[in-house]
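Order as written gives the chain letters A, B, C, D, E and F; numbering starts at 1 within each chain.
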Amino acid sequence: MIFLTRRERFNAAHRLFRKEWSDDKNFEVFGKCSNPNWHGHNYELFVTIKGDTSDETGFVINLKTLSKIVRERIIDKMDHKNLNIDVEFMAGKITTAENIAIAIWNEIEADIKAYDCHLHCVKVVETENNSIEYYG
Amino acid sequence: MIFLTRRERFNAAHRLFRKEWSDDKNFEVFGKCSNPNWHGHNYELFVTIKGDTSDETGFVINLKTLSKIVRERIIDKMDHKNLNIDVEFMAGKITTAENIAIAIWNEIEADIKAYDCHLHCVKVVETENNSIEYYG
Amino acid sequence: MIFLTRRERFNAAHRLFRKEWSDDKNFEVFGKCSNPNWHGHNYELFVTIKGDTSDETGFVINLKTLSKIVRERIIDKMDHKNLNIDVEFMAGKITTAENIAIAIWNEIEADIKAYDCHLHCVKVVETENNSIEYYG
Amino acid sequence: MIFLTRRERFNAAHRLFRKEWSDDKNFEVFGKCSNPNWHGHNYELFVTIKGDTSDETGFVINLKTLSKIVRERIIDKMDHKNLNIDVEFMAGKITTAENIAIAIWNEIEADIKAYDCHLHCVKVVETENNSIEYYG
Amino acid sequence: MIFLTRRERFNAAHRLFRKEWSDDKNFEVFGKCSNPNWHGHNYELFVTIKGDTSDETGFVINLKTLSKIVRERIIDKMDHKNLNIDVEFMAGKITTAENIAIAIWNEIEADIKAYDCHLHCVKVVETENNSIEYYG
Amino acid sequence: MIFLTRRERFNAAHRLFRKEWSDDKNFEVFGKCSNPNWHGHNYELFVTIKGDTSDETGFVINLKTLSKIVRERIIDKMDHKNLNIDVEFMAGKITTAENIAIAIWNEIEADIKAYDCHLHCVKVVETENNSIEYYG
């Protein structure tokens, strides 16, 4: 069993808040991340899959395949977008890195299984100081 | 003459567009950076000042002083903000990294001169692939 | 279950040695790390906690809370210090990255439990080539 | 139980291909990585070992020892080499990062055991976007 | 006047040697870089152009334009190639980072001038420890 | 004319202070950098030399030569040392990054001239946020 990690990136705007809370309450809980006019990040996404290497190719999965899945399912939908408004699979969710990681997992898990691999980890790096890992 | 560089960071949302242009025209020129719902970046700001070292302290400028100027004049106003809406000194400007660098220069130049130093360069890193340097 | 990692940094002096050994013996075992006049590092500290995300906030833990714990318990006591002399919780210990990681774990574990989270990993990066991970 | 990671680097040429396949077939499967005239990478190798810390030294393993093993067994044989031609322990293998990681594991596992430590992970970083981890 | 830098990357094999020299002589001068079976690198290329910002767009040059020039003229020809064999504009040249930087400059200078900008610097990073800058 | 940069690293302890000042006065000016028990850094040193490339080798200077100069003159004397106590060429100087950069310039300038090259820049990176450049 071997683990392969692919990094992709997306630059997006977002805001942490609950609609039903006042701006003051949102600021109290989410701090400056609740700025009503949004802020944003250069997100780094690390997708790790596990599986056995093919005797024929020496690959767990062809990187082109993995990259295509992640780009079509995630990057094309999140890059240069507003995570609260533009991304269907984030609808109704608070756009914390935690929820982003879980949502990405759910979007790509089936596609990766189709290639006889298992999704192992989705890591979302929001800043050089903060990151989230989700293992399903 | 010696050069000292201080890095600070700000995470912000922005959009590249001209009000008087249609969304189509904006998309043609600015591509996905013109997304009407904004996107965002982890900006890195490198401020370089030049001057002579003090015999008494071995400093060109006390880093605490430089950091305080950059934080008060720039980071407090740009971090977790929307560069198009929230930042007074970007008002009416297209928020390209070029214009951000020039605007930052203008905001801090006088303050640095007050400490017998000269602002040498403002570098704005928008992504790991793109950066701007402005020398006044 | 989700994992959140916070990076903090501290710049410190230290020396690897055993008091009861001669300088020669210390040099034989610890090499140049046993320099009697100390040397130092820019340490990077990665604290990983695990838990469930709150439905209300989308957080495992509020990053401000985690950062506050790490800064008060660790960074304020280790940053710009001599790890052998100035840090109470390193007293009597050889200041290897291994022992630093274990000591940091012990300092913060209870505080993190108080927020319904579990400390998962303390990672100490001493140089770009050397790092330690401790999982309790 | 504590985990120590040592990074070493090697710059090497390689080509992904199966001898018995045509150039077209190789290109179809391996893409531009099958260029018959080779290409190359700055590989980063992270070797993680686990064990208990010695009360006497505070070390899991002396870094000099670990570095010596990795350099003699791996770096001296792979650095500035052609992985397909020059490296005995890669003979007959497709030089994917997966196979490189497995081969490196097999080359160093016994040596590390000899120091009362266990090899935990071999990580091979091929580019900033692609990496492999192998846990035996 | 403002400076814009675009990073692109290419992974390539090469060898430092003079045909008319013996392998021993080549090894004496170029060390392990003269390995007859090649080695390789993940090259980073930083292209810096200078010019005035457009009042209409706030750009010195549209990054898509600059990226397109660098990809078509350089990356498509050098990425996953052997710099000694596959790259026409390196023919007959020793493939040091110095000569690579000069050759890249010559390949793209005219194209950039066509957009009312000036090529300012070509930086080639061969490893994390070695880089070359050429200013024409 | 071409510019070549070599990175080397040294891990050292230091303290910013003036002997004739009280601890309070030193703390007022140098802050926590004046801790009497020292602190330390992983310093990165970037030495840039300029010159013409040799037609015979394609080198400005052989990297092995440059690295040897920097290691013998600087790294061997500063790595795993106390910059205030152990380094002769820092004697009597306040060990700011400014003074370190100037001192390193003076130590290596003549040696580099002996190889028909010119020292162009000494850059000292003290932390990821602070660096100094000196051009003679």
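In this section, a residue touches a chain if its C-beta (ideal position, glycine included) is under 8 Å from a C-beta of that chain, and two chains touch if they have at least 3 such contacts.
Computed from a predicted model, the values in this text were never measured in an experiment.
A.B. asks: Write the angle of the rotation needed to overlay chain A on chain F, where the fit uses Cα atoms and the result is rounded to the nearest 5°.
C.D. replies: So the angle, rounded to a multiple of 5, is 180 degrees.
A.B. asks: Over half of interface residue numbers shared between chain D and chain E means same, under half means different, so which is it?
C.D. replies: Same residues, largely: of all residue numbers at this interface, over half are found in both copies.
A.B. asks: Centroid from C-alpha atoms only, then distance chain E to chain F, rounded to Å. What do you get?
C.D. replies: The answer is 29 Å.
A.B. asks: Report the inter-chain centroid distance for chain D and chain F in whole angstrom, where each centroid is the mean of the CA atoms.
C.D. replies: About 34 Å separates the centre of chain D from that of chain F.
A.B. asks: Which residues belonging to chain D are in contact with no fewer than two other chains?
C.D. replies: Correct list: 128.
A.B. asks: Would you please name all pairs of chains that touch?
C.D. replies: Listed in label order, the chain pairs in contact are A-B, A-C, A-D, B-E, B-F, C-D, C-F, D-E, E-F.
A.B. asks: In the complex, go through chain E and note every residue touching chain F.
C.D. replies: Answer in residue numbers: 16, 18, 29-31, 93-99, 101-102, 128-135.
A.B. asks: Write out the stretch or stretches of chain F touching chain E in their complex.
C.D. replies: Residue positions touching the partner: 1-8, 48, 53, 56-60, 62-64.
A.B. asks: Within their complex, state which residues of chain D touch chain E.
C.D. replies: 9, 11-14, 32-33, 35, 37-42, 79-82, 85-86, 127-128
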